[in-house]
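In what follows, structures are represented as structure tokens.
Presented sequentially are two complexes of subunit A, the first with subunit B as partner and the second with subunit C.
Moving on to the complex of A and B:
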């Protein structure tokens, strides 16, 4: 049968149109804005400025001291994001791993507990933030409980240290279930007879965990870490509702900086925001490449299994 | 060196009883084979001995000591799994050493023991390989090697050859029995393949639906099966069965009206329905004096050169087209064609009789 060269494109068209319209064109526009300046929204009214937007963002006395940078909030948000990504990802993956190992055992009400840990994943991020805001605000549930036991109420969301802690905690609570599920699937892919063989080999439960479970789970674990990293770098919605990035810029992350620079500040610096988002994209591309590399390694690992 | 006893051992999974009061003695140095169709409970029984399944009631003793509540690791048994259950991320050496390392034995002792076992199983050139880099037979030997290094009291094998191709299976059979002779160890071996059972066992335990049907040496089971199930399970091709009726005296009457004399220990009442059993290899095409003639319509012929297999249905006066199937294994090559009728002869000494109802016990 003869097929015209255009026939496949006819069937691909609906998807191609949607992707071009809502993904590729915005990316192109983003590049245009990143290399033009001024405060005008219309592209024709924006003068070309070369890499000035990038150099503005990168202008810094020391990158380790945000206050020495021209865009101090940008660098503050980068350091916040880095700190957040490290703490949130390592703690969340650790808890997810422990939870998965426990839920993989024959415990009472296993299905119920699996549901409990997965439930927060189903909630909208805004709902998550509102629930916790209600608990943590000045006259919130937690402070009410503390007053009831004669403790001093704490301004959980108004002290920088506590605010950062709760932002990290709430995001772990909200997303852990997803990673638990992936790790649980990984655990269930380990054949049960390996554990029986280990049992006969007189392996203690700890030795079974460290010598059998963890090495065989490692491919899944690496993918989970990178996935969680990608999500952590993109953090915005929950935190924005919970703390608004405050107090000060204690919980301002990169995406929020971009949003505020481009759409909230009285003087909307689209160029700076676009340049910032391209730099964020660079980090995400790097992490995604790492993830692809690891999942290829995982496939190779599957063959080893 | 160890013996093992099971006394009234029962296993319930919820409301389902999968092992129904099993009594068994395994003597020191014996090669015992559990055989039965799938779902008969043979693997469950092995796992109960091993300690991977609890014993619901009854008693398991190893060397005279009750072992019901001893942890699997402390029973001093080793198991070769059907899937081999090799640790995929460890080398052959690490796989074999893992059990010893867990007990905190010095590294050089572990090395000596693993090397010795590797030599015995011709694994020494493969010690640094991962299980995926091995063939099926090599993996099997690693699994056995992992058992050997632990110097268990009893070796347990759970259908270890079922993942191998036919040729390899035959050679591994020889290796395992050879190993049994060299080590002089007690071994319990589970299989659904009666050929493995016949060729390897000192003692065969035939199981059906969670109960022992018969225990005995391979030839005991072949020559004097307790009941129709054992008769049909042991031997290949399967024993032929045909319905008959007890007549007067020692006579039995076949479906097509022929009367034939077969002496039985206890005389069934005249008119009792019985099942006649004859093994295919005992049927001949030549008529011999005193033999029972079985007229058959040929439905299939397999020429194997040295011998031939004739498949047919019992025909004769009253027989229907879907009458009992008869297989005859006759010496040499035959000229018989499909659709022809032939008569095969069963010598009386090869004829067995079973009750046609209840437990279908052998009456002859």
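Moving on to the complex of A and C:
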């Protein structure tokens, strides 16, 4: 049976149209906005400003000191995002790994515990943030408990250090289940006879973990780290509801800076927001390429086996 | 027969598709969509008055779309910029949206134009692009005045007399501190997190907000007021989470703190009277006190919400007719009376408005009305300034950062000035 050359395009057309309309055209528009200035929304009413928006964002005495930058909040948000990505990803992957290893053992109520750790993933980020806001606000549950044991209440969301800690903690709590699940699948794919052989050789549990589990889980771990890193760089919704980016700019992340600059502030600087989003896109492209490289390396490794 | 059936089916399908794709087909030509946000019952009262308008003007239907305040502030400007949006909207950025407004003048008779000019003389300029603009664009549905609410019960319990009509901000803070100490109330005062509420403090301490050429500036009066306010926060007299707990210029009120008896005084405005009456009266006695003073005088910030006609409407004459109907003394007076708002119309104010509220709320409304003549010129100038939000925004964001301990007050003030300058320049492009 012969198929016309245009038949695949016929079936692909709906998806191609949707992707062009809602992905590629907005990307092209974003490029246009990044090189235009003013506060008008209509592209035809926006004067071209060349690379001014980028130079405004990049104008800094020292990139390590946001207060020396013209757009100090932008650089503060970049450093916040970097700090958050490092802490949140490393701690979350560590806890997810520990949880997966424990849940992979024959413990009582294993199915129940797997459900418990996965449950927060099912919640909307806004719901997660609201629940924790009620717990952490000045008159929240946590302070009520502290007062009950004669301890001083703490402004968990109004002190910069604590606010950052809780943003990281809540995010780990909400997303860890997803990564635990991926790692659990990886653990279950490790052949049981390897552990039996290790037992016969009287290998300690620590040696089994470091010589069998971790090396064989490494491909999954790398994918988890990169995926978590991409999600961490995109962090917005739950933090926006939980702290609004405050106190000050202590929990303002890059996506929130872009959103506020382009859509919330009374005088909307669409050009600056578009330029910022292109810079964020660069970071995400780099991370995505890393993930592709890792999965290709993993496939190549499987082929060699 | 089969052909007929097929044709009938395809005709029905086409009509259904057209109705789905072009919902406007099913809407009458003179349907007016009014996008309305509400502080209390403003949209419902407008809907009631609109029914009388519809009865008097068969063929015109008023559809009130009730939306949250956030939609008016964040979504409506984007809709309008994209050439979309309602025929009429209830807005608070009175000057900032000027380029989208419909000038009602050509659709009003000479007599009605005069009535608008006479009755709304003090607020018509707030909607205009500049001194050369003489258009009539909107009807103030709610004239607001900022002011201080106090927990009278706490003052009585502490046996501290309330400062008088000429008391300064410092006098109020000192008295509030005595009350807080005596009654073990955690904080003295809180102010809504917005540059709008900060403006009366700044003007009372000498800020003019504009230089001789009319350009917005951060002057010594502003700096003095900023120092006072940040110091109050740092001294623990004001709960720091209100201004310091959020990022950017996000708005936050402190009503809950006041209603829960956690602060002695609350700086907000006349639009909270109904909410106070409904939620606070049952808990304790409260009062709105005369505008706190400073070396430059006793002042408050005017403001409010207004119905404006929008240029994109396909029925400009009907829009003008409906807004004119709302502005007529009987209707306007009814709107003020039922929504417990201060009238912007001189004739209605002169005739007096009957408020059907509790004695506490009535006394508060009278106190706010008495503050109106005291308002100093810089506050009126700032309210009428087209880019006043470019002043309010960095005030909340940067003073919030100073209060959170993220930067010094001096740095925050430099940032307020540079943010303001950047936004004014961007808006001029």
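One rule holds for everything that comes next: the second predicted complex is superposed on the first by the 293 of 305 C-alpha atoms of A that agree within 3 Å, B and C clash if a C-alpha of one lies under 4 Å from a C-alpha of the other, contacts with A are read in each partner's own complex, and residues count from 1 in each chain.
Definition applied: contacts are C-beta pairs under 8 Å (C-beta built on N, C-alpha and C of every residue); 3 or more make two chains touch, one makes a residue touch a chain.
Source: prediction; values computed, not measured.
*Asks:* Look at where subunit B and subunit C land on subunit A after superposing the complexes, then choose clash or fit.
*Replies:* Once both complexes are aligned on subunit A, subunit B and subunit C fit side by side.
*Asks:* Check whether A:155 is in contact with subunit B, with subunit C, with both or with neither, and answer first, second, both or neither.
*Replies:* Touch partner of A:155: subunit C, not subunit B.
*Asks:* Mind checking the angle subunit B, subunit A, subunit C on Cα centres after superposing, to the nearest 10 degrees?
*Replies:* 150
*Asks:* Considering only the touch criterion stated at the top, classify A:42 as touching first (subunit B), second (subunit C), both, or neither.
*Replies:* second
*Asks:* Determine, for the superposed model, which of the two partners subunit B and subunit C contacts more residues of subunit A.
*Replies:* Comparing touch counts on subunit A for subunit B and subunit C gives C.
*Asks:* Taking the superposition on A as described, I'd like to know which of subunit B and subunit C A:216 touches: first, second, both or neither.
*Replies:* first
*Asks:* Does subunit B (first) or subunit C (second) touch A:115, or do both, or does neither?
*Replies:* Touch partners of A:115: none, neither subunit B nor subunit C.
*Asks:* With the two complexes superposed on chain A, say which partner A:205 touches: subunit B (first), subunit C (second), both, or neither.
*Replies:* neither
*Asks:* Examine A:61 and indicate which partner it touches, taking first as subunit B and second as subunit C; both and neither are also allowed.
*Replies:* A:61: touches no partner chain.
*Asks:* How many Å separate the nearest C-alpha atoms of subunit B and subunit C in the overlaid structures?
*Replies:* So the smallest C-alpha gap separating subunit B from subunit C comes to 50 Å.
*Asks:* Quick one: which bits of subunit B touch subunit A in the complex? Just the residue numbers, please.
*Replies:* My answer: residues 50, 52, 72-73, 77-79, 81, 83, 85-89, 98-99, 102-103, 130, 132, 146, 150.
*Asks:* With touch defined as at the start, can you tell me which subunit A residues reach subunit C in the complex?
*Replies:* 37-42, 47, 67, 70, 72-73, 138-139, 155, 157-158, 160, 243-252, 256, 260, 263-269
*Asks:* Contact residues on subunit C for subunit A in the complex?
*Replies:* Touching subunit A from subunit C are residues 73-74, 77-78, 81-82, 93, 96, 239-241, 244-250, 260, 387, 389-390, 392-393, 400-401, 403-407, 411, 415, 418, 423, 426-427, 429.
*Asks:* How about subunit A: which of its residues touch subunit B in the complex?
*Replies:* Residues in contact with subunit B: 191, 193-194, 196-204, 207, 211-212, 215-216, 303-305.
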